[in-house]
Amino acid sequence: MTDGRAGAEFAIRATGLTRRAGGFLLDRVDVELPTGYVLGMVGANGAGKTTTIKALLGLVTCEAGSVGLLGSDVAVRDANGSDTADRAARKERIGVVLDQPFLAPRWHVRRLGRIVGPFYSRWDQDRFDRLLRRFRVPTDGRVESLSRGQGTKLSLALALAHDPDLLILDEPTSGLDPVSRADIVDLVREFMVDERHSVLFSTHITSDLEGLADYVQILDEGTTAFRGGIDRLHEEFAYVRGVGEPDVRSASAIIGLRRSRNGFEGLIRTDDSALFGPETEITAATTDDVVVHVARSHRPTDTEEAL
Amino acid sequence: MIARFITLDLHGLLAQPMRLVVGLGFIVLFSTQITPVFAVPMAAAFTVVMVSTSFLADERGRLDILYGTLPISRTTVVLGRYASSVLVALVAVGLGDVIALIGLGLKGDAIDGGTFLLMNLVAVAILAVSLGVQLPVFFALGYTRARVAAMLPALIMLLAFTVAQSAGVLSSSGMADLWPRVSAAPVVLSVLTAAAALAVLIASALAARHVYRRRQF
Amino acid sequence: MRILLTSSSAVPLYEQIKDRMREAVYTGELAAGDLLPSLRRLAADLRVSIMTVTRAYNDLAAEGLVTNEQGRGFIVQPVDPGRVKQVLDERLRAAANEFVRAARASRLSRDEAAGLLDEEWSAQ
């Protein structure tokens, strides 16, 4: 009997996620995470990152779309249906951390293993204790006595203690000091040494992606603006700067055009660089450039005014 | 898995011992005012308060999300909550029986088996209605929005209590009058009450499952 | 094996990794039949994404410097001795060039420079 962990090609495979309810829009969002890699989902607050993650986990339902977790052989389920026993069982192998711990404030930290552990067949109490020690999370108080950073680390310890294959982290580093952020990123790196492991994390801090994300997905107002390998992002986009006004023909090629007193700048597709003459400067686009300008492209262009 | 959920639920309840103590004191106080046997249905009425405790804890800790990430289905959550609620309620009624017996013993009153049985049947009926009405509402709306609606069984019971008081049913003599009418078939009555209670709870659980599966977190 | 990466350099990280591995092979630090460091372990240690190391390793495999054996890893291939000599000669010349420039910048005489070289030779 196999332990059922071998040979899954995709850790996450979702197509066409669409949700209009409650004012949170998702419009045909696809998510793909090949097993053994890290997908960074980035976008402004309200872009749909949390909603996408909740849709993947079945915490919210979608009007349309399908989700497959941990294996191409998983019965791709209806994203607008509720829990089947099969999908619930798959959560044995998924660890989740959201922006705030989902634990009762009055629970004692020390007792959490006994409260949550019994639900998982691979719960390892020793590993949980070790992680708490490593993270310096105080174990003698209640959950409500922990700081934000400690709460996140506790959630991470809980998520890892049952030996998951897939980690889903929603803004795990937001609101944390640089040392705590580095601790968490290091833990994710260690987690990734095992080739059966995969990670999906969302952030609105673009620098979190550097040196960690293999794939990037940029969400903007509920739609996917870019999806692919992080290298491809830098190959596909470039940054243009020019003096004065852009000429009519090339202006439409600029994504998130930004005008100032001196001139203009914006993001372009590398393929369009031929539209710009020698009076403009074209440089490499950083991930941040892409995220910011793709977001701006949805808004009307504006001129910077004096404050 | 349901068993583990029950354990989780009980853990949360026991973490708030003050509510239990206050509830117990309330039962004792109230029952001594009328007649000790009244402790039994009082204990059942106590469930009105207890049910909301679990859902309050769920809301405060966003535990519905925890349940959503654990490898259990929403159906398991519903069944588990029903099971732990019924368990707590039965324990409360049992405690009520003990308090009643002690009270009667202290007062020197004779222990009338018939009245005792009647009180327990009333308690079971109160339980079934109280849980049956409240749980689906809480599962549908969550603690804050359901809290007001869940007061309905309490109001109904208060109304029934007032009516019964004015009709003289609640005095020892009143209850002694009532017993002959139902003593004809105590076993049948017990079985019917239990069956009705079960039917109410099953219907209620199906409704609760239906609404909880549609909740968005 | 020690690897040092500079994030601020104009050379992309995956190229730096390739350069370092090539250097290790040509200087004999990694012999034919040796395994390259575990891909995922290296990514974690160097704090780069797995794709970065994957790309570097795959490029080296395409060059013929290593082969990717399923289940075992990336195995160093024997290098043509003539090629090794050529690479080492190039490195030596570049180092000598650098040494002379540095000595000149410090205004050393040829004898002083030779003396410095002797010191360093005995020390290593």
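Should a chain be cited, it is by its letter among A, B and C, assigned in written order, with residues numbered from 1 in that chain.
Criterion: a contact is a pair of C-beta atoms (placed from the backbone, for glycine too) under 8 Å apart; a residue touches a chain by one contact, two chains touch by 3 or more.
Bear in mind the structure is a predicted one, so any value in this text is a computation, not a measurement.
Q: Going by C-alpha centres, which chain is most central here?
A: The most central chain here turns out to be A.
Q: Suppose chain centres are the mean of their C-alpha atoms. Which chain sits farthest from subunit B?
A: Farthest by centroid: C.
Q: For subunit A and subunit B, let me know how many angstrom lie between their CA-based centres, rounded off.
A: Computed from C-alpha means, the inter-chain centre distance equals 45 Å.
Q: Counting only Cα atoms for the centres, state how far subunit A is from subunit C in Å.
A: So the centroids are 36 Å from each other.
Q: Centroid of subunit B to centroid of subunit C, CA atoms only: how many Å?
A: Taking the average C-alpha coordinate of subunit B and of subunit C, the gap between them is 76 Å.
Q: Two or more other chains touching the same residue: where does that happen in subunit C?
A: There are none in subunit C.
Q: In the complex, go through subunit B and note every residue touching subunit A.
A: 1, 4, 7-8, 11-12, 15-16, 57, 60-63, 65-66, 68-76, 213-214, 216-217
Q: In the complex of these two chains, what residues of subunit A are touching subunit B?
A: Going through subunit A, the ones touching subunit B are 21-22, 54, 57-61, 82-85, 88-92, 94, 96, 98, 100, 102-107, 111, 115-116, 118-120, 143.
Q: Please give the residue numbers of subunit A that touch subunit C in the complex, ascending.
A: Residues of subunit A touching subunit C: 36-38, 189-190, 192-195, 211-214, 229-231.
Q: Can you check the complex and tell me which residues of subunit C touch subunit A?
A: Where subunit C meets subunit A, its residues are 7, 13, 38, 40-41, 43-44, 47-52, 55.
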